[in-house]
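Listed after this line are the structures, all set down as structure tokens.
Look at the two complexes coming up: chain A is in both, with chain B in one and chain C in the other.
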Partner chain A sequence: MTPTLTAPSTTATTASASTPPAGKGVSRRTITLILLVAPCLVLVVLINAYPLVVAASQSIHNGTLIVTGDFVGFSNYLDVLTSPRFWTAARFTLIFTIVGVFGSWLTGMGLALLLRTKIPCRGVFKVLLMLPWVVPIVVSSTAWNWLVSTPTSPLPTLTAKLGFGEVHFLANPTLAAITVCVFKVWVSFPFMMLMTSAALAAVDTTVYEAAGIDGASRWQQFVHITLPLISRSTYISWILMTIFCVNDFPTIYLLTAGGPVDATSSLVVLAYRTVFQDQQTGPGVAIAFLMTLVLVIVSTALYRQIRKVDIA
Partner chain B sequence: MNKATTRRSFLGLAGAAIAAPALAACNVSGNSGASKAGGGTLKFWDMPWGTPAYNELGKKIITGYTPAEGSAKATYQIIQWNGFYQTFSSAIASKTGPAVSSGAGFQAFQFADQGQIAYADSFIETLKKDGTYDDFLPGVIDTMKTDKGYVAVPWQTDVRPFWYNKALLDQAGAKVPTTWDELLAAGKALKKIGASGFATGSGADNNLGAHTMVAMMINNGGGLFDPDGKPDCVTDANIQAMTFVRELANEGIIDSGAVSYTIDNLDSQWKGRKAGIGIHTPGLAARTGAVGKDLHVMDPLTSPSGTVAGLFFVNNLMMYTNTPSQEASEAFLKYYLSQIHTYWQNPVGVAVPVLKSIASADYYAKDPNQVAIVEKWMPVCKTYAAKKTQSFAALAAVDGGQPLAQFAQAMLQGKTDPKTALTTLQRGLESIVKR
Partner chain C sequence: MTTIASREPGTRGQWWRFAALLVITLIVLVPVFATLLLAIRPSASSSASGVLTLENFRYIFTSTDVIVWLGNSLGVTLATVVVSVVVAAPAGYVLSRGRSKAVAGFSLLLFVIQSLPVITAIIPLFVLFARIGLADNLIGLVIVYVGSTMSVATWMMAAYFDSIPHALEEAAWVDGCSVFGSFAKIVLRNSLPGILSTAIFAFLLAWNDYLVALVFLRSSVIFTLPIGLQTFFQQNATDWGSVMAVSVVMLLPPAIIFAVLNKYFSIGGIGGSLAGR
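What follows is the complex of A and B.
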């Protein structure tokens, strides 16, 4: 980062030396710099700010995707916040995120630690374990649907043969929520495994040797050495996975579309269905904005945690 | 070049780079440069209404269109069902949408409400003059009528008939039902051989469960709306219909997994001989491979109220205000209507025709199931708008929306009291329709 930051300064100084001031207050150099930055600023405004402004406008209007509609103030937000469906979706989003983040982290970390040991065909396992992350979500959700959807699917058949009776993994609201969360963990653990593997590779092994000489057990080494040393990477992966989970649309929608009876409806699914199925653009965008707000707060809190680790 | 010149040149280029796309973006005349005189190209957008061969045939039909001197040539674009509303909306908003398109049952009403549809009144007058109007099956064109005019022209109907698997009914020793009581009896018999007597599904992107609930209400003389088009769900007819559905669920006649079945899951139940009776699309037999030969269309059931009715969606062809010229749109539509018979002549999995000339043709009449749909179901079918006679824009949100999907899922689970479920549905529909 440092060379990139200093280079323009040097160039600008050279340019400044060769050109006289433009006149009152603002030098020609300043104008040049502003004009050089302008294209990027315009692009940023067009790409990021414009859609945000349009969306913000939609959230306070009673329109459609084509027509702006009437100004309704914050009534869309009030409608959303007083809707039981919003809070049902918020609750499931929270559960889905907690299970998604920590379930995939624990699984990923466990496998990353396992892959550091001398097991046969380690390379093959590494590749195979990456498959859930690599395979397109449409393919994996279709495969999971085939596994669990009907009484003749493999898993219900197995549970029936084991004496658990007819189990409806996607038709029972509680089981559907569990199935979706497990699916999310299955899809996400390779990412966590990759992040943890990278962090573990950077840990100096001599620390463990010293701890071993001091009589620290494997568990003590893991809790007091490994976890603190990979904490920065862990917090980053938690932040990323939190964002992935809260914004995760396909994992839920392709498997259950938020059903049965909203049992697996997350905020992003609710926002989508409100805009594109109920065709209520204002309330749908309001949900998305509220969701973004919460995500920003959570991410900021986790970033602060990273800074604490850095300072420590 | 000195430094100042270099800098100026660079800034000039940067300015030009910014200005070019901005100026291009300002050119939102649409129609790919088509002039108002009627030249240029006329965009026709079509969905996958049947097998992949449908769109291949559609492209051939469009390629074969020779416009009059100076009129617009037509281009063909396939729009996938997945996210079709977003595709149309964003294209229409940016003035890059079609001049003519096929569309879902209520799409034309929806875009007409937003001022994007060119009403088809003058076109229908033309059809009356050349006799094509009389070729439409009775009442079909009227489903497109609004207070402001005809929003579109029908081209096929998507009926929701009851189907049954004759081999399974024979195996269960049940007769083909003609009333709800007989449906219950047949369902109980089918359950004994491990088959469902009311096969449906309400999982991801599967509207058949919702369609089935509404079809049962309409069958019993009810519906979602009153004659003025206001939500009117909590009626005696609807409560009776949903009480019957709950009984089917509690008797185990409805597969307890149905609430989560996608359309593929449901089809696999029919293919696997696990579905004995159920409401499905007109193309069910064609979707189920070898089992298809055992599948037959039932006669519409007589409800406890004594009424006989069913649900259908009239799919249509609509013209948009963003067109090279209205004359070009109408000329193209006239040509296209004259060609749609090829979709049934070379079966590509489309639904029920709206033209008598197709419905009575040899190539169509050889399938007794399709004939039964045209002769027995079409005359008694109503749209989602029932009991209102005219359709309206909000029906698009009702059909794909969450309140109805949730209602269907609640009913299929068999745990919710019908009146409570209908009251929740009423509130949900009111929130959608009021907007």
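What follows is the complex of A and C.
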């Protein structure tokens, strides 16, 4: 018997209706399921969970990449937490994340709303605006470097011609931080555009007709109808973008390598540089581990929150 | 003019929006245009004449290691895709059909794992892999990539399996089919879209990775393209023609997949968003 399936139903059914095969015990089914999940579980434990344990151990030793070193208790953490570099990096990570999440969300949502209206060549725009996200970061950072890195690059030349003087986009600490954040928004807004578009497509348009009859303005309709209706998707996209931003390495490193003078060093970049450039494994891992702890707490809390939204 | 506007109220606004969108799109795409244009323009130092040339591509493929790096990248990426799908599909099935506390715990574990910074795992893994000779090694790289795709890939497969009616399997079980049999013959066979999306997710992760390769790879013969590309940057005299030609080579595979499998690309690229399902 070959079952034919025309179109899989799009509504996700909750896993509750399955019954074990007739004539075979529940245990047989359980064993099969365990065997099916085993390779994945082994990989997750080996590549993700085990290193976490080792990292915890590394962070309380004063070793290098080669030797374990002596047990030093929490002194690595104390060193890290009292070092100004750590707090500079924490501050930049916070700014980078907030700008990354809300900058890309506002841009992406604005474009999604614009693309929802009647516009010639809408499909072409939709595809073209996805490109920053399709292009690998390694490639786009190269292009951005060409645009801004040296005083003779096109953008500084342009600002000079426009009378703003020579602008050192990556040499001035403040400007470098702004440039990195703008680059992150440039890379991420298509993701937000896609998420918002998908959510908007599911909104029932008859709601607006009713609101229009009731005399609600465009802005009122947006704030009181559209935003609440897509809130779950918005919420999820914020969470994901927060995780993407905090964990982001290449976007920052490929543009500025964390400089000038740590101005664009996020926690990930600082951890990388501490371990692989300053050869201080203990403190470097301690930085990574502090970041991990915060992310685990935040993501577990958010996971519960999404489940709650699901039930509501 | 006013009569036209009043007859078709949306038309004028429509063109204003078109103009605005056109300007925005052009500005946004400047870095992409720059990459493509510099790749096909003659380098300042080259002897090639004319406005457009493939000289840069000829140079990178004949006089540099780009062809080797391209091979490495393709090999590593394809291996990651295949292994990820083969391991994640059965696990996704368990996540979709299982209903015990253990499965719920597994689901939470995957969610937490997904949000962990790669940097935390990378440092101990580098130490471990260095000991067993997998650090400066492409197989080691594949293992790390597969591990990093696991949570999202499993989730994506589970989300797709959820859409496949249980009744189909139940019918097969009545006919004496085993659980594994129904998974392979019924669920998997009807899951091509889900498999494609997951494969694209794994492809993008492996193809675009910079951090893991940067930490693990030391010898230039086993560089992947993202690491190889960095060797073209020189302090003061970067040959932008070559750099952009390598960039275009790096950009092509994802661009082709995006063009051909647009829908699955979006789902695959969005990957993690399924985490909230």
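Here is the rule we go by: the second predicted complex is superposed on the first by the 250 of 312 C-alpha atoms of A that agree within 3 Å, B and C clash if a C-alpha of one lies under 4 Å from a C-alpha of the other, contacts with A are read in each partner's own complex, and residues count from 1 in each chain.
We take it that a contact is a pair of C-beta atoms (placed from the backbone, for glycine too) under 8 Å apart; a residue touches a chain by one contact, two chains touch by 3 or more.
All values derive from a computational prediction rather than experimental measurement.
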Residues of chain A touched, compared between chain B and chain C (which is higher): C
Which of chain B and chain C A:T274 touches, first, second, both or neither: first
Which of chain B and chain C A:T32 touches, first, second, both or neither: both
Touching partner for A:L65 - first (chain B), second (chain C), both, neither: both
First, second, both or neither for A:Q221, with chain B first and chain C second: neither
Partner chain(s) touched by A:G284 [first = chain B, second = chain C, both, neither]: second
First, second, both or neither for A:T157, with chain B first and chain C second: neither
Which superposed partner A:L254 touches (first chain B, second chain C, both, neither): both
First (chain B), second (chain C), both or neither touched by A:S231: neither
Partner chain in contact with A:V134 - chain B first, chain C second, else both or neither: second
Where chain A meets both chain C and chain B, residue numbers: 15, 18-19, 32, 35-36, 39, 65-66, 145, 253-254, 276
Footprint of chain A on chain B - complex, ascending: 3-4, 7, 11, 14, 17-18, 83, 85-86, 89-90, 92-93, 110-111, 114-116, 202-205, 255-262, 264-265, 268-269, 272, 274, 396-397, 400-403, 405-406, 409-410, 413, 431-432, 435
Interfacial residue positions of chain A with respect to chain C in the complex: 1, 3, 5, 8-13, 15-24, 28-29, 32-33, 35-37, 39-41, 43-44, 46-52, 54-55, 58, 65-66, 111, 114-115, 117-121, 125, 127-140, 142-147, 154, 186, 191, 194-195, 232, 235-237, 239-240, 243-244, 246-247, 249-250, 253-254, 268, 271-272, 275-276, 281, 284-285, 288-289, 291-292, 295-296, 298-300, 303, 306
List of chain A residues in touch with chain B within their complex: 15, 18-19, 32, 35-36, 38-39, 42, 62, 64-67, 85, 145, 149-152, 166, 168, 170-171, 176, 253-257, 259-262, 273-274, 276-280
Chain C residues within the chain A interface of the complex: 10, 14-15, 17-18, 20-21, 24-25, 28-32, 34-35, 38, 87-88, 90-91, 93-99, 106, 108-128, 130, 143-144, 146-148, 150-151, 154, 159-160, 162-180, 182-183, 186, 190, 207-208, 210-211, 215, 225-226, 229, 233, 240, 243-244, 247, 250-251, 254-255, 258, 262, 265-266, 269-270, 272-273, 275-277
